[in-house]
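Pasting the structures in now, so scroll down.
In what follows, subunit A forms one complex with subunit B and a second complex with subunit C.
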Partner chain A sequence: MYNVIDHLFLFCQIQKPMSRKKTIISLAKNGVGAFVFPCRKLEFTYCERSGSSRGMIEYLTTRLIPFAKKNPQIEIVVTPRPSKHPFVRGLYLNGREKGISVRNKTSGEIMETVNLIRDNTGFKNNKRFKKPVISTTPSVRGIWSPFNTQPHKI
Partner chain B sequence: MLKALPLSNISEKLPLPYLPKRFSDSTKEAINKLRDQLRYYAVVDIRSQKFLITKNDIVIAHRLRDVNVGDELRLNRVLELGSKDYTIKGQPFVSEAFYNIKATVLEQPKGPFIQIFKKKPRNRHRRRITHKQTYTVLRISEIDVNKFE
Partner chain C sequence: MSLITKIPTTLYSLAARLNLNFTNQTLLLQAVTHKNFHENDLSTNEGLQVLGNHALGLYVTEYLHLKYPLLPLPCLQQAVTAYCGHLTLTVVGQEVGLQYVVRWNNFTDEELFLQGKEIPKKTKSVGKSREPAQRITQGTAISHALKAIVGALYIDKGPQSARQFIHDHILSRDVNMQNVIEIKEPKRELSALMKRLSRPSPISRLKSETGRLSYAPAFVVGVYSGTEQLGEGFGSSIKMAEFRAGRNALLHYYLKEVKDFTLPSIIDSQEKQTTYIPTKIGDTPPRL
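This part shows the complex of A and B:
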C-alpha cells in the first residue's frame, strides 16, 4: 500500500522541529474551577525495635488513623523498615517528593511534620515568594501611554 | 476578616451581614455599567496586606492560621473595585453587596532557609539565628460584580 508518510520519509528530508514543550490547551489552574489536593500520597517507615522510632510508633498507633480519616484524598502507606530511622515522605502531583526524617521526635512533633508535608505542593521554595501576586491576566486598565492622557494645564 | 467555608459545606451560602437592601437608581446604574465591562480588578485587604488582584491570580500572603488547604474563602475587605473604564473607590471599603470575590487556599508553605550570624569580634558575642518564613498561597477563583435590577 502506498503510504504518504513512507513516501515523505524516503524521498523528502524531514527535519524534526526542535523539541520544545508547547501546550495548545490552556494549563489547568488549580483552585479556579475545581481543586485537586496537591499531596497525593504519604509514606511512613519505622523500625519496631530501635529507640528513634518510639515517637513514630506512638504516632502511628494513636494519631495516624484520625488523620487519615480527615484526609481521605491522600493515600497513606505504612511499611516497617527494620534497623532504620523513621521517615515521612510525601509525594505530590508535580512528581516531586518531600521526605523528612522524624528520628527521636515525639508524637506531637511528628504530627506537625506530617501537616507540613501535607500542606506543601512539592515545588522548590527557593525563589517563589518574591512577588505577592502572580498573574497571567493582561492589564485590566491597559498600560499607560502618553497619548491617552490629558495634558497638564495650569 | 476572612470567613472560611470547609469543603463539605461549599453548597451552603454564607450569610451576608446586614446591608441596606435598597440602593438608589444612580448607584444601580453605576454598578451595572461596571458589570457590563469585560474584566475586573480589585484591591483587596487580607489581614491588613493589600493586593491588586484579577481572576486566576495566585496571591502569596502571610500565613493564615485558621485556614486549611482546600478551603474556599470569601473576601470581604475591598478597597477598590474597577475595570477598564470605571472604578468604585471604597470609603474605606466598598459595600459587600456589590461584589463576590472568592479565593481557594492552595498551600501553606515555608520560605527558604535563612541563617543570620551576628558576631562582635573580641567580645565573645556570637549568635546564629535560623528562620523560615511561613506563607499561605491563595488562588483567586472568581471576581464577580453583582447585578442590580
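This part shows the complex of A and C:
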C-alpha cells in the first residue's frame, strides 16, 4: 500500500519523531542521610513608634540574637516598617512562605510564634489529606493480588 | 584595585544548613561563583567543579557497584546518572536553597554587548580560541555549584569529608532501580544469562489461568530453570504474562542487593588496610 509518509521517509531526509528518553531523578528523603532544615529565612518587620510593636521591639532587643545564634541555618532579616503592625514571616525551602502578625503580643508570645514558624516545614496545613501515608517504599508484605492466593477449601 | 567582596548572610546560613565548616568562608563563596560571573575578583568554581564531579562519580559508583554487584554496566551508568547527574544535582541544589546563593550571569556576551554593558575580560584558556558564549541557566549554575562544594570539601577537609557529604545528601536519596533497567527481549536475555551461568535453559509454564474466553482473562506464567522458579508474571494474554515473568526473573537477578559491605574508600590508615576484607566481585554479564 503506497503511503505518502513512507514515500517522504524513503526519498526525503525527514527524521521520524523520536520518543524522548526519560531522565531518572532521585527523590529526596530528608533525614535519612542528613537533615536539611526546611526554614531558610525569617523576616521581622516592626514600627519604631506604634504601640502594637512594643512587644516586638522588646523581643528584637533581648531574645532575637540568642535565637539567631542557636539557629545559624536560618537567615534573619529585620526591617523597620513605619506605621504598620509588626509581622514575622518565614520562608521555606519548598518555595512557600508563612507569615503571622504579632501585633499587640508580648515578647514571650512572639518567641512562641517565631518557634512555631521555625519548626514548620512550609507545606500547606491541609486538614483534609488525600493520602494518609506518603512513602517511597511499597508495603512490606506486598499488595494483595488474586493471582497468588489459594482458593478457599473446606 | 581589588574589591573586598562581602560574604552574604545567605551563604553563612547555607553553610550551617549543609554542615560545612570550611577553614575559609571565601572558599565557599568561590565554590558558588560560576565562571561567567563578571563582577568579582575572586577565582571561580571551574576547577572545584571538575574535581567534585570526579569525586561524585567515584563515590557513587563505588557504593552502587558494591550494593548491586550483578547490575549490568549500562544500567549501573544509568543509576549513577540518576544519583549524581546534572538534572538530579539541580533538583538537590534547589531543595537545599542554592538558587538564592549562586552567582552567575544570565546573559550571553552578545546580549551584554547589545544592552551596552561591559563584556567581561576572559582569561585565555591554553590552546583554545575564544568560543562563542553560551547561555548558562540557573539549573546549570546550581549543579556546578553543588559539584564545586564537593570539590571544595575534598580539598579543604579531605576525601573522607567529601564522601560523607555525598552519602548524606546524595546517596541517601531514593531511586527506583527497576526504572534503571530497560528490558526489551526478556526471553532472549534470560536464556543467554542461564547459558552463561551454566544452568538449565529457561522454560515458561502456565501456572494458572482464568477467564480465557471472557473479556478479562488472567494468566499466571512462571519461568523455570529446571525445577527452580526464576520469576513469575501475570497478564491478560499468555504472551504478556510470559514477558512479565521473564522480566521479573531478570530483575530479580540483576537487582540482587548486598546489605553489608565495606567501602574500599574507608581505608585511610595502615591498620584498616590490614583488616580490610574485600567484597566478592560480582559477575556483570554483557547485555545483548
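Just so it is clear, the second predicted complex is superposed on the first by the 113 of 154 C-alpha atoms of A that agree within 3 Å, B and C clash if a C-alpha of one lies under 4 Å from a C-alpha of the other, contacts with A are read in each partner's own complex, and residues count from 1 in each chain.
FYI, a residue touches a chain if its C-beta (ideal position, glycine included) is under 8 Å from a C-beta of that chain, and two chains touch if they have at least 3 such contacts.
From a predicted model like this one, the values you see are computed outputs, not experimental measurements.
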Margin query: Under the stated touch criterion, which partner chain does A:32 make contact with: subunit B (first), subunit C (second), both, or neither?
Written below: both
Next item on the list: Classify the contacts of A:75 with the two partner chains as first (subunit B alone), second (subunit C alone), both, or neither.
Entry: second
Notebook entry, point to check: Does the superposition put A:93 against subunit B (first), subunit C (second), both, or neither?
Noted result: second
Note to self: Is A:111 touching anything from subunit B or subunit C once the two structures are fitted on A? First, second, both or neither.
What the structure shows: neither
Next item on the list: Would you check which partner chain A:60 touches, where first means subunit B only, second means subunit C only, and both and neither mean what they say?
Entry: neither
Note to self: On the A-aligned overlay, A:136 touches which partner chain: subunit B = first, subunit C = second, or both, or neither?
What the structure shows: both
Check: Given the touch rule stated above, what does A:120 touch, subunit B (first), subunit C (second), both, or neither?
Finding: first
Notebook entry, point to check: Is there a shared patch on subunit A that both subunit B and subunit C touch, and which residues make it up?
Noted result: 29, 32-33, 37, 136
Next item on the list: Name, in rising order, each residue of subunit A that touches subunit B in their complex.
Entry: 29-33, 35, 37-38, 116, 118-121, 123, 125-129, 131-137, 140-142
Margin query: Quick check: in the complex, which residue numbers of subunit C touch subunit A?
Written below: 9-10, 12-13, 16-19, 78, 81-83, 85, 87-88, 91-92, 95-97, 100, 167-176, 179-180, 208, 218, 220, 234
Check: Of all residues in subunit A, which touch subunit C in the complex?
Finding: 23-29, 32-34, 36-37, 40-41, 72-76, 93, 136, 145-148
Item checked: Residue numbers on subunit B that touch subunit A, as the complex places them -> 39-41, 49, 51-61, 69-70, 82-84, 103-104, 106-112, 133, 135, 137-139, 141-142
